[in-house]
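Before anything else, here is the set of structures, which you'll find just below.
Here come two complexes built around chain A, the first alongside chain B, the second alongside chain C.
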Partner chain A sequence: MTPMEIIVELGQALLLIIISPLMYGIVSKFKALMQRRVGSSIFQPYRDLRKLFSRNEVTSRDCSWLFRGIPYVCMASMIILALVVPFFFTGVLAPFGDLITVVYIFTLYRFSMVLGGLEGGSTFGGMGSSREMMMSVLIEPALLLSIATIAVMSGAGTDMDSISEAIVKMGVAALSPALVLAAASFLITLLAENARIPFDNPTTHLELTMVHEAMILEYSGRGLAMMELSSMMRLTIFMAMMGSLFLPWGIAYDLEPASLLLSLAISLVKMLFMAFVLALAESILCKTRLFKTPNLLTVSFMLSLLAMISLYIL
Partner chain B sequence: MFVITAPDGSVPMGPDEQTMIVAYLSILLIPAIVGIFLGLLRNERFGKVSVGLCMTSCIAGILCTPMYLYTEGFSAKFPLESFIGEYIIFIDLITSIFVSISSVVFLMVVLHMSHSGHGYSNGYLALTCALFLSCVLCMMADSVILLLVSWEVVSLVTFLMADNNDLPRWRFFMITHIGGLVIMAVFGYLWVFTGTGDMGNWHQLSALMDDNVSSLLILALFLGFGTKLGTIPFHAWMPEMYATSPTHTTALLTTVCSNVAVLILFKSVFSWIGISNLISVFAVILCILSVATALWGAMESMVQTGPKRILAYSSMENMALVTMCLSLAMLFFDSFPALTSLVTVAALFHTMNHSVFKSLMMLTVDSIEDVTGERTIDRLGGIACVLPGLSAVALIGAMSLTAIPPMNGFVSEWLMLQALIGTDTVSSSMRVFMPLLIAMMGVCGMVVATSYARLYGFIFLGRPRSKGASDPRPLRKGSLAPLMVLALLCITMGLLSFPIMDGLSSGISDITLIDTEYRIALSGNLEPLTLGILLGGCILLLFLMTRIFRTSRNIDETWGCGGTLDERMQYSSEGFSQPIVRVFHPIYGDTTEKRGNRYVTRFMEPFVKYIYRPIGAGIVTLSYQVRRLQTGNIQSYLGYILITLMVALLAVRWL
Partner chain C sequence: MDSVIIGNLIDLCAVLMLLTSVMAVATTRMRPLIQLFSLQSIFLALVAFIIAWSSGSHHIYIMCVLTIVLKVIAMPKMLTYIMSRIHVDREVELSIGIVGSLLLAGLMIILSYYITEPLISSVETVERNCIALSCSMLLIGLLMMCTRRKAITETVGLLMMENGLFLGALALSHGMPLIVELSAFFDVMVAIIIIGIFAYRINKSFNSVETSFLRRVKE
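Take a look at the complex of A and B:
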């Protein structure tokens, strides 16, 4: 690994972390524009985070040491993921894990958040945790299957740094039903994992709709800031995975400055486009009833299953 | 004393080495034997000595792997002989690794037992020594007689150690003995077939046999050992037995005995019998059975409220993943050597991991029961505030079981997924099933995660839900140390998993035909050590950063919408699993009924209801019918004798 490579890879990880509140802001801005509101500035999430970071923390007297540790674990797991997910360059800084590890680090994140929800002894936390687990039982297999599909399809195995390159080099042949189905499934997974409409509404605190917000209800100040930031990072990482693994065209796989710059621009456009799609989906769909979400999640599961099977049959 | 020989084809041993091996075997076996006899005496002091002797044997057991590395394997003949054969043991790498890991677990359980304050009787301690002895001998056994005798002793001793319940342990007795009979029949057949009970002479017997026969033998072995591992429908004894026996019995049963079963199954299928061409049909059946077991175990573990029942069903799930791997290995055996190697390593590694983290969880549950006196998770809560040390080690166990990186459970599940996604699998004829298996792994993984988040959350987090939980007794002195060792083992076995797996892989190639490097079949790379260090470093860095820019923290009540919350307003464990139960309602077949002012959800065990109950009822009906023959009238008995004689004579005449 050359120093140049390391710098680029570290740079893309840092960029991913830094733009994550921005992506959140952009999605809200798009949503506001679609609803003909002015909306808050796209930099609002940064201000919110800064405010939260400087606030004093209030924790419940029924919380244990684990409650205070969970925000650190959540942040750390997302930072690790930012290091292994390619964004605008196919190489990643830390080749210690592969796609399967990525899925299991998401499990780490989810598991700690669910435990955090059970802390404090409030009704909301337990409710959020319980609902989160219900959804993730259906999300997890879909996620595993869709990434298995691209791993097998690209023929590059599960290594993070070779899949996108392999798919780009396949050319038009990569546009197979398998990839399209897997990408569709991944999109639904993205919505569900990140607590977006129609699965959850991140902007309300209504107990009927709460999943993600219910789990982090007891956090405040710095803990809340870390939980919020890590959930923003999760959204951005999912979007980056969508852009670099499922629609990898345009990603740079050599270290030419020109191609890197081009790739950076293309990747950012992809992110903007996905933010637009997300905002569009949130504007035209509404939050479904909790016990209807399994239907949608099963669709995602079926799509990914079909993707993998079509890969073997076609 | 012992007659020591080197394995075939290696240099004969010098006298020094022989003396050393004899000394080693004496330290391994004799203290446990003495412990059995001391335990039979009533004096309490002898009980303590017996525990000490058992620990000595366990420590010798841990040294089995160094011993193998020093001697490169040996076989020893006992100074005993019976009219049906000799008692021989053989140490190869796999066996020695399994003996070592089982001994570590055994030692920790015994340590915890001696500090637990249960006041076990001397008889129980003698049985513990007997269990250790029989497990170790069964793993090392190289002659049919030793294998069958020690296997039987394992079943009997665990039966006797479950001493405070009746129906569940008889159910266990019946089911494992049916399994034991099947195993006995298989080994008996092989003995007659080869004409020798010395298994050192059994190498890949399937080459000499009819394909049908060898495949049937393997199927029978899987089902026979399945009774111990809880393959459906033989799991019926597990939840009740686990829930009602002393926790240390359960801890040994679920970890060490499963290790023994998997090791013997592995050795007999891949080394002694060998894989025939016809096996794929059977392998598919076994694979489907394992998948069903895994799903059923995971799902059921999520709705139980007794911690030991949760652990029982999750044992089923873990062991089903292991048998699934073994059946995949049979499936891939012919055409994909690297993949076969990969799945067998995954199976054996997962078994080892399971014994470590499951014993950790079992001992945690025992400590919790001890300090709070509560047996359901609905009456616990908030223990993490009072016993932070215990909650930390339990968290490590729960994370291992949930396969969270970088713990050991994660690495073995990663290997399994690698095998399913792997590049070789793509060209196999069974590839269409692979997506289904991946989906199964995903569903199982998340359901198990739910189950353990629930177990951990309701025991350690939240508010105490009962008096016992709000004011627990202090932990007994020294009872945390074994848990810490096991937790540390969970982490180190995760971080250093590749060296361990390399060892397993070379051990496998020593005794079977699977001799390809397993790493060839890996399509991605994993460095658990780097991952662990990075994750830990990141957490530490973030923590230090927040220490530097400090803000103050206030403690206040949990937000309760303006009112005050009491502990009954928390989510109940039943409520926690309710959404999943509702989604998978057709599988659970749960019914909710109103009883007084509360609703009660009931889950049925379809296997008990539709298989065991009808069989039991049938036998009872049949015996009522038979009873009608017993009139107590001497004339009718004479009549029966006459009829029997006539039939027998006629039969002899005609045949």
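Take a look at the complex of A and C:
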């Protein structure tokens, strides 16, 4: 690895972390505009995070060290993923980014968040945790299978960076049914995993419906800031994965400054487009009942299964 | 290279047709179901257009236009009209749950890939992947007709089967002769009208369009 490569790769991970509150703000701004509201500024998440970081952390008397440790685990797992997932350059700083590692780091994040929800000792936390585990059982196979399909299609092993590079080099021939089906499946798991609207409403604190919010209800101050920031990072990392694995055209695979700049611009446009799609989906869909969410997740699993089958048979 | 792109485009549209079929299995509201059928017919028209454009056979253009006029516009309109006449909007109970029928649909797809494999290996056209896809669309349409209980959703199942059949015919033989296609369109049109009248009459006699009530009809 040359120093130039290290700088670019570190820069892409840092950029992914820095723009994550901005992406969150952009999604809510798009959503507000679609509903004919003015909406808060796209920089509002930064202000919220700064305010939360400067506050004291208040925890319940019954919590143990586990409760205080969990925000750090969540932050750390998302920072690792930011180093593993390619964004505008196919090389990554941590080349151990196996697809199974990636899927299970997401699972580690969810597992520790569930533990935090239970540890808080409130009834809502336990309720949110049990709901999250129910969805998690259904999300995991679909997510793993859709990324695995892409890996098999590219024929370049299981590393995130080499998959992305191989698909870019395949050119138009990569635009096959398998890619489309896997992308559709991944989009549904993106919505489910990030607690977006057909599965969970990220803006509500209504007892009957909340899943993700119920788990972080007991956190405050710095702990809450870290939980919020890590969930924003999770959304951004998912969008970056969507951009670099399922629509990878335009991503740079050599270190020329011109192609790097072009790829950076294309990647940012892709992120904006995905934020628009996300906001559109949230504006036209309504939140489904909790016991109907398995239907949609089964559709997602079916799609990725179909993608995998079509690779072997077509 | 050109044929690779055309093959990919045709595959893409055919897969999107299958996708709408799978989504229709998971939909219980009738209005979205009819919209899904309309969307599927748009993709069918696209496949017809691409095949007509790449092979240069002009009568497929006629079929493309007919598909758009009848299946994208007229039939969904008619179904919506029947639906508003008999005031039903959602299917409350299926004979198998949604998750079960989705998994069954997956099985159907695997089955159809399995049974069409000898056919696929002998055909060497660009559209050979469409055969398995059209077969699975047929089977999924049949599944929908079996699991649904309301007359209108069963009709949509029939129409989706029919779309699969057209896709298969297009892919295997670059379209049937024009006269056969015209009569097939006419048959479907008449079937829709008859089913519409039947649904209305069933609703009048039983105050519901549940086809399971028809078992009680005895002379």
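A few remarks follow.
We adopt the following convention: the second predicted complex is superposed on the first by the 313 of 314 C-alpha atoms of A that agree within 3 Å, B and C clash if a C-alpha of one lies under 4 Å from a C-alpha of the other, contacts with A are read in each partner's own complex, and residues count from 1 in each chain.
Methods note: contacts are C-beta pairs under 8 Å (C-beta built on N, C-alpha and C of every residue); 3 or more make two chains touch, one makes a residue touch a chain.
Note that the coordinates shown come from a computational prediction; the quantities given were computed from them, not determined experimentally.
Contacts of A:Pro294 after superposition on the shared chain: both chain B and chain C are touched. Contacts of A:Glu140 after superposition: chain B is touched, whereas chain C is not reached.
Of the two partner chains, chain C is the only one touched by A:Leu181; chain B is not.
Once chain A of one complex is fitted onto chain A of the other, the partner contacts of A:Gly121 are limited to chain B, with no touch recorded for chain C.
Applying the stated contact rule after C-alpha superposition, one finds that A:Leu303 touches chain C and leaves chain B untouched. By the touch criterion defined above, A:Ser259 lies against neither chain B nor chain C after alignment on the C-alpha atoms of chain A.
By the touch criterion stated above, A:Thr59 is placed in contact with chain B alone, chain C being left untouched. In the superposition on chain A, A:Gly155 contacts chain B only, with no contact to chain C. Touch counts on chain A: comparing chain C and chain B, the chain ahead is B. Shared contact residues of chain A, touching chain B in one structure and chain C in the other: 294, 305, 309, 313.
The touching residues of chain A, when paired with chain C in their complex, are 172-173, 175-177, 180-181, 184, 294-296, 298-299, 302-303, 305-306, 309-310, 313-314. Listing the residues of chain B that touch chain A in their complex gives 381-382, 384-385, 388, 391-392, 395, 399, 402-405, 410, 413-414, 417-418, 420-423, 426, 431-432, 434-436, 438-443, 445-447, 449-450, 453, 456-458, 460-463, 522-528, 530-531, 534-535, 538-539, 542-543, 546, 549, 551-560, 565, 567, 569-571, 575-580, 582-583. Those residues of chain A that touch chain B in the shared complex are 53-67, 69, 72-73, 75-77, 79-80, 83, 94-101, 104-105, 107-108, 110-111, 114-115, 118-123, 125-127, 129-131, 133-134, 136-145, 148, 151-152, 155-160, 217-218, 221-222, 226, 290-291, 294, 301, 305, 308-309, 312-313.
The part of chain C that touches chain A in the complex is made up of residues 4-5, 8, 11-12, 14-16, 18-19, 22-23, 26, 98-99, 102-103, 105-106, 109-110, 113, 117, 129, 132.
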